[in-house]
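Each of the next two complexes has chain A plus one other chain: chain B in the first, chain C in the second.
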Partner chain A sequence: MVEGAAEQPVANVIPAPDTSHYRSESLWTKSIRKFARDPMGIAALVIVSVFFVIACGVWAGWIGQNWSALQADGYTGMSREHWFGTNINGQDIYARTIQGTKTAFEVGLIVAILSTVIGGILGAVAGYFDRTIVDEVIMWLYGCLDAIPFYLFVAAVAFALRDQPYAMHVAMIATFWSSTCRIVRGEVIKIKSLEYVQAAKALGVGSMTIIFRHVIPNTFHILLVQGTIAFVSAIKSEVILTYLGLGVKHGVSWGTMLSESTFEVSAGIFNNFVAASSFLFLLVIAFNLFADALQDALDPKKVTAS
Partner chain B sequence: METLQFAFRKILYAIPLLFGVTLISFLLMVYFGPDLTYSLIGKNPTAEQIVEVRTQLGYDQPFFIRYGMFLKEIVTFDFGNSLSTGERVSSILLRTVPVSFAVALPGFILSELLALALALIAANNRGGFVDKGIMVFAVVGMSISFLIVVIIFQIVFCSVYGLNLFPVQGWVVSNVADYIHYVAVPTMVIVFVGLGYNTRFFRAVIVEELNRDYVRTARAYGVSRFRILSAHILKNAMIPISTRVIISLPFVVIAGNLVIERYFNIPGVGLITYNAITTGDLPIVKAVVTSTAILYVIALVFTDIVYRMIDPRVALNS
Partner chain C sequence: MSEANPNRCEGGADRSGTDPVVRVEDLVVEFSTEKGRIRAVDGISFSVMPGEPVGIVGESGCGKTVTALSVLKLIPSPPGRIARGQVFLDGKDVVPLGEREMRRLRGNVASMIFQEPMTALNPVFTIGGQMTEILRIHRRMSRREAREHSIEMLHTVNIESPAKRFTQYPHELSGGMRQRVMIAMALSCDPKLLLADEPSTALDVTVQAQVMEEIRRLQEERRMSMILITHDLGVIAETCRRVIVMYCGKIVEVSDTSGLFAHPRHPYTSGLLASIPKVREKKIERLPTIKGMVPDLADLPKGCRFADRCPKATARCRENEPGLVEVSPGQQVACFYPD
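After this line comes the complex of A and B, so read on.
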């Protein structure tokens, strides 16, 4: 027994820092704070929300319901009864524009959500089972669908589905999932080598569980950004598809209004055109700016002064 | 020798893609497609005529034989006759592809070059006023729908409400002056629409290059900004840029631009395809879709092989 050996522990001279007021940060809380500091992003979000509220109003049946009734005898200008005037059939342009908001959101949401979900799942599976037959098959499918030009693909799908109303949505989803898939696959290949995934594998957790519980939640930020991009592409493509006759058949959309207006503008009647194109432009640019701000906020490499 | 092996492997890899693409086209347009029997016969067909046309179209054959017939059509480039005009599809394509090319090419080249120049300027003044201005312009350009641009340009440049400088539609080209006269507004539309996307993409590529270590080293050695941009960054940035350009070429050339050709009434592949889509003329749509897809796969293989030849890093990796 050594004489003078200390029997009590040496007192800590430096006190431990008081961590009780630290907040635990995650990617999401940091992103929300970064986003809140971006004026352009907030403005864009406000505009998009206004459009969304309008669309919900139409869904609930409050506004823009009278879009197909023939109310006047042809073209009329702006008046107190018809705020934007009427089109060649006598239908109220204002109601049609509002109804078009609902169609745009319908198309956009269906295509964005479904294509992101499908692309995310397939991308995660392809990335996780990298360099196996599963990956090769999914990449082959991706390559094939990429090769066919978009509008012609929609035409081909319209032929196959014999003019079903959702042919356009199906075609859009079948084309948009591929870019999400590729990006998610790249990210999953990186995630796969992280330690907690290796630990889960070593513990014997099944592959599917790992993919759905650990890998995919870490790609949510990618999925969110891709979803917004898909939404915008869906709305823009719908306009051109309706012009080609492949788009919305029941109901009215901005694409329908724009196709109608192509003949009218050479006669000098601009109501239809201005209404549809300004609404479309506003929504698309707001969403684009929102997607940009979202991407900047979610990017962990972009350090802003906090 | 190694390049040949690499090329061979890439071509081998492309074969399942070609099969997949033709299979998808076949499934969508022939197998699940509309029944063409009645379009080919006239009115009041007799029962024997119906049976005869059905055997001719192969509707009673099993799946693989019909797929084989489809493949044979592609290989011999004989898609039959158009349902609306009765002209042979291959001769239609031969007639219209050069026109589409002539219309789309100036716009394509101009938009890529302009986007590259703008992206270089933007990346150079990164974060500055010029950069923000160019990016705002790019976002606005991205957000305006194609259709709207066409209509506005037509009003401004072609109609009596605007400048009335160029013809509203048509394509009567016999010399260079005529060509410029007719191609001006379509080119402007194509440039305007493509500028937004391309500028953003090119700028992202260039900025990523600018952040690399070798650039910092070169600056530390006192190499001028201009020389870094032109001699080093451009070469490295060219790889993703040229891939994108080459891959979008088939779509530009063959698919034509449906909206522009329809609007300006230019007799190219786009107009033919548009008429085919709206009238349900299957052989033409079949031909255009399959040719474009196959050209795309070829372009993919081509870029991979060319990469291998110009970038030695790819050789080391593969």
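After this line comes the complex of A and C, so read on.
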């Protein structure tokens, strides 16, 4: 050891710090690290993932396939064959709840993705070209749509597109994009005055390239959070609309089950009601907590102790 | 470095000749505000020769930045617009040009660097992603060529371990380093003209000096024309050959740098020079200031715009506006009573 130390050259120059272990970190990986430290967020994410796995299982055809088969008698209690019992027609409530998860995810994902994409793009374009005719038209459009009460609008669209399986989706997308659009527009008006947008312009980058490469990626944190909010709203609205008879017609949803249960609860049969509402409650609350945690993790101004 | 580069832009080929790189003729830029239409730049003319560094000085809001922005037609519109005049960039009037033609010039014939390096780079992309974008647009380089050229440019602006910096994100770099990256980006297509809008203002004093030194060196090496906008006369003295002094949207004095410091002609310029603190001054005195306030652009006085603050103003100054006239070789001034 002593010999080794003697061989060292006299250190009159400060050695360069070893940076080989240092890896470049994007804002995204930073956010993921921040998210991983939030126990609430992780718990919520686990619950949402379980629901998602169930929905995938249904899509793949592994579980909840015999939801419409008429078995046994109606209103049997919980048993080994029928975990949650059966409904008035003798259909398995467990299978119907599982199938309802798929319906919920289907509506939630389609509406969340499309409304966020539409809202994001229109919002970015409106914000980037603010105070021009393009902006005026987009603002007028969402102003008009926002002025119509949501359920009235959905009823109108559902009526206009009756017999179309996607009437409900269309109605929801047509209304949900506007809030994303408004928020993104405001953010883009801020972003476009930042110097990296000015610099991109000064270096000859085209407007559309600036919008899609420089502006929209900087609104991803908003889009992600807006997407999760749209997802939750879509699931809730789907259940409510189906309950009102405006939503899912060919298939089963938690809304169908709640609608059936209106007659049953007064008769003291709670199977449909408890199964559907507890699944809905758990998914919605978990997703809301997840969205909250996501928002915190993506907000660079909110610094948590590391 | 740049000479040995086979991938030069068409814009960078000719550095000699006597035609100005920029010639501004009677430029008027208007902004519509709540108070009505104001003229941020009111009928200015000047030109910049190839390889010449020119400084524009003046207080905030005197139209320095708007002048630079109009050379690249980057005036935010609405509310701004070029109401009158011509701007010849490399011999071509840019005022009637459309967005698409302007895009071909920006970053290619003329580049601009900005004041705030902290927000001048897009936070979601790596340094490399942003640098290669310009090369791919203007030069249609392949990904690999653009990467090599960008790393070479980072090396040119004295960034250490450029290959590593290339893969990093803006938040991992210091302010001075970001400004160097901006300079590298602005110069990567070898423009004939660099517009530098207070490039060192937002930096620490020591870093300021380094960055200005870098800009000065690159400007000389590349024989590039430059318009340097600043309110720091010290920076001008070290960097520019000619100075344009602006006040309230007008040019009040144009002069060789040495002439300006030795013998300022306009009372405003004299005031600016007097308000620089002098290190060697023995007596401790209150720093001289220019009395009064900059007039509101929406409500300008009738005559000379500086009359209300001028120690030498007479009735004539308040009635008529002086034009820019040559008082000695290389020195023009807009004043009835030049020093």
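Following the convention adopted for this analysis, the second predicted complex is superposed on the first by the 280 of 306 C-alpha atoms of A that agree within 3 Å, B and C clash if a C-alpha of one lies under 4 Å from a C-alpha of the other, contacts with A are read in each partner's own complex, and residues count from 1 in each chain.
The rule we apply is simple: contacts are C-beta pairs under 8 Å (C-beta built on N, C-alpha and C of every residue); 3 or more make two chains touch, one makes a residue touch a chain.
Predicted, not measured: the structure shown is a model, and the values here were computed from it.
When the two complexes are overlaid on chain A, chain B and chain C sit side by side with no clash. In the superposed model, A:S207 makes contact with chain C only, not with chain B. Residue contacts after overlaying the shared chain place A:K236 against chain B, while chain C stays out of touching range. Applying the stated contact rule after C-alpha superposition, one finds that A:F153 touches chain B and leaves chain C untouched. In the superposition on chain A, A:R131 contacts chain C only, with no contact to chain B. In the superposition on chain A, A:S26 makes contact with chain C only, while chain B stays out of contact range.
By the document's definition of touching, of the two partners only chain C reaches A:E195; chain B does not.
In the overlay built on the shared chain, the residue A:N288 is in contact with chain B alone; chain C does not reach it. Counting the residues of chain A that each partner touches, chain B and chain C differ, and the larger count belongs to B.
Overlay on chain A (Cα): least separation between chain B and chain C is 8 Å. By the touch criterion stated above, chain A contacts chain C in their complex at residues 19, 24-27, 131-132, 194-196, 198-207, 209, 213-214, 217-218, 220. Interface residues of chain B, counted against chain A in their complex, comprise 16-17, 20-21, 23-25, 27-29, 32-34, 139-140, 142-148, 151, 154-155, 159, 161, 168, 251, 255, 258-259, 263, 273-274, 277-278, 280, 282, 285, 288-289, 292-294, 296-297, 300. Residues 72, 74, 78-79, 99-100, 102-108, 111-116, 119-126, 130, 133-134, 137-138, 164, 167-169, 171-172, 182, 185-186, 195 of chain C are the ones that touch chain A when the two sit in their complex.
Across the complex, chain A meets chain B through its residues 140-141, 143-149, 151-153, 155-160, 162, 236, 239-240, 243-246, 255, 258-259, 261-262, 265-266, 268, 273, 277, 280-281, 284-285, 288-289, 292.
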